[in-house]
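Common to both upcoming complexes is chain A, partnered first by chain B, then by chain C.
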Partner chain A sequence: MSREAEIRQALREWVVKTSGKIKPQELDDETPIIERRIISSVHVLDLILMIEHLSDTPIDVGKLKVGVFRNINTIYRNFFAESPDGR
Partner chain B sequence: MGGKASVDLRQHPGCTWYENGQSALSGSLLELFRRFDRLFVEWAKESGAGEYSFPVFIPAHELAKLDYFGSFPHLVTFPVALDPEPANLESFARSFAGPGAPLGPGGAIRLTRPAAIRDVLTPAACYHFYIRFQGETLEAPRVVTTLATCFRREAHYTPLERQWSFSMREIVCIGSEGEVKQFLAKYRESLDAFFRRIGLPIAWANATDPFFNPSRNPKSIMQRIEPVKTEMVFGGRLAVGSINFHQNYFGEVFGLRRAGKAAYSGCVAFGLERWISAFLTHFGWEQSDWPDIEMT
Partner chain C sequence: MSSTNTEFQKLVAKLCAASEKNYVNPYSRLEWPDALDRDQWFMSPELISLHGTEAYERLSDSGRQKLSFYEAVNFFSLNIHGEKALVEGLARRLYLVENQLISPYLHHFLDEENKHMVYFGGFCTQYAGGVYPDRKVAFAREYAEGEEDFLFFTKVLIFEEIVDEYNVRMAKDKRLAPIAMDINLIHHQEETRHLAFGRKLVREMFAHHVKEWSEEVLDRVRAYLADYLVATWKEYYNPDAYRDAGLDDPYGTHVRAFAHPACRDHRRSISAKCMNYLLENGILDREPAL
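And then the complex of A and B:
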């Protein structure tokens, strides 16, 4: 499994486990996890910690852009890919 | 006409300003207030809205379900009464019986023991609806409207723009995700057309609720990265209203169900005093210069 596939799988597993509202087969990389409140504000700090742990890079919460946590794809692009969305 | 500089509404004969952050309206300003509110009610009725009138207090235990006190401790205002125990009342009354100034510094009441506080003065109009309908399963989307006097404590007040008590008309939709999104999109389009027609320069801007310690509040962080509030901003500084998508937050907290899931909700909110301020700032104080807001 590639590093990218591992990260995406880890993120999906974290979302399913943390949320408790969705089954693994109901979550794909485009599922809007914030808008549907699969992940809510009580989880957002844990999500940030989880991404910091996976990427081994600290996140400046004050500089987070709109839409970065929208779905697994936006999280991957913004925190793990070479060319993030304007971050 | 148009683009006039910000004016001191304290000088307007239709506005009486109280330094504790409240205003009284009369004459042309009271008439304008009523015209705006009639217009908002008409818009609500076009969506089949039922109209409601609520009391001023909201039970604290209901607002606590929303973590209101942790999120907005700087805004909250409570109704306070004295503990009715006779000796407590005697003691309070006695302090006003003697000669001299009975009040403390700055006109402050010298309270004896207060009764337990179990209520809050309404901070936002739409809360009443989720509390009123809690536990219901909706067979169809529900659109409702109310006008509420709302209370938000602030560090500074400005006539008609930032007040301790002010008037908020809200149109609320509770339904499925698609129904609520459609409702909000329709109002966004109608409002755009309205602002264009009367020539009031309004820009839409993403915003967050005024959380306490926003940089440390997960709800504020969440609203910043996934905006759910879009404000109607006049002159680059004054939000006269907002469109808010609550997702299924109130549905989950208050057990509202629609189509087998926690209901979604959204609201369109209008701050009536701010509408008057924006209107007078842009079109001037002369009624003859004002556009016809009712024309369709």
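And then the complex of A and C:
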């Protein structure tokens, strides 16, 4: 499995485990996890810790753009891909 | 709140008088040593987040004391972040029509929370070179009537109830460095009043709004508060503190410690008073898994 695939898999597993509201087969990388209230703001602290661990880079929450936690794709693009798109 | 307005007014007047009588100058209240000997305790060992875990058992006495320093920095940092949000929220609510009754006390609340940040920030800046970053994020959403205010004051209460349990224990723990004891003591003395205010206000607000809220809103409020309790506790297990204390695998230590039965027992014990309050008043209908 590539590093990207491993990270996406870890993120999907985190969402399913943390939320308790969605089954693995119901979640894809475009599922809007905040908009559909699968994940709430109080869960994001945990998500940030995991992203920091996986990317080995601290996150400055004051500089986060709107929508970075929208789905697995936006999380991957903003915190792991070389060119964050801010979407 | 109208049926108990007089009673609440009396409490506000009493708390205002106590704040005026015990007014503190934050710049002269504490004696700050130029430097701290790190071979001493800054958090009570039993309150260190890893206490009872294998990771803690593996540390030498000196390693545990070093960890206690960074745990204190984390404890003070999360207080600063909590109080920043509190000050912002209190200031926004000053003199709103619905808050006329409590506005006199909100002035003291704001003043005292600002002073607390002077103490906490002073310790972190002078001895640790700064405050650990905040990782909380808020998303804008729509609220039912009264829901946002209720969640604001209830979150404040939950946060302060947990912190106060730590303050009470450390304010009298003579093993601690005097500056750490003193900061805990002064914080507890003022928080006692904030807690009396918060318990009364949250109870009244809930009794008022619950009659109007739908089952869906009530379920949402309860689920949010249960999640908030867990998130609040997660901040006590900060990988940054573990990294600075020289521990291997800070994130793994965070995950393992949070799941450890000894740590879960600790969280339940510290949260017991707060949990009883939330359950007795019907704010929560079941105890969340901490």
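The definition used in the following text is that the second predicted complex is superposed on the first by the 85 of 87 C-alpha atoms of A that agree within 3 Å, B and C clash if a C-alpha of one lies under 4 Å from a C-alpha of the other, contacts with A are read in each partner's own complex, and residues count from 1 in each chain.
Note that in this section contacts are C-beta pairs under 8 Å (C-beta built on N, C-alpha and C of every residue); 3 or more make two chains touch, one makes a residue touch a chain.
Being a predicted model, the structure only gives us computed values, none of them experimental.
Participant: After lining up the shared chain so the two structures overlap, which partner does A:70 touch, if you call chain B first and chain C second: first, second, both or neither?
Facilitator: After superposition on chain A, A:70 lies in contact with chain B alone.
Participant: Looking at the overlay, what does A:36 touch: chain B (first), chain C (second), both, or neither?
Facilitator: So A:36 only meets chain B here.
Participant: Between chain B and chain C, whom does A:53 touch in the aligned arrangement: first, second, both, or neither?
Facilitator: Only chain C is touched by A:53; chain B is not.
Participant: With the two structures laid over each other on chain A, which partner does A:61 touch: chain B (first), chain C (second), both, or neither?
Facilitator: In the superposed model, A:61 contacts both chain B and chain C.
Participant: Could you look at A:20 and tell me whether it touches chain B, chain C, both or neither (first, second, both, neither)?
Facilitator: Neither partner.
Participant: Which residues of chain A are in contact with chain B in one complex and with chain C in the other?
Facilitator: Looking at chain A, the two contact sets intersect at 34, 40-42, 44-45, 61, 64, 69.
Participant: For chain A, which residues count as touching chain C in their complex?
Facilitator: Its residues touching chain C are 34, 40-46, 48-50, 52-53, 58-61, 64, 69.
Participant: What part of chain C is in contact with chain A in the complex they form?
Facilitator: Touching chain A from chain C are residues 133-139, 224, 227-228, 230-231, 234-235, 239, 251, 254.
Participant: Using the touch rule from the top, collect the residues of chain A that touch chain B in their complex.
Facilitator: Within the complex, chain A contacts chain B at residues 34-37, 40-42, 44-45, 61-62, 64-70.
Participant: With touch defined as at the start, can you tell me which chain B residues reach chain A in the complex?
Facilitator: 177, 206, 215, 218-219, 221-222, 224-227, 247-249, 252
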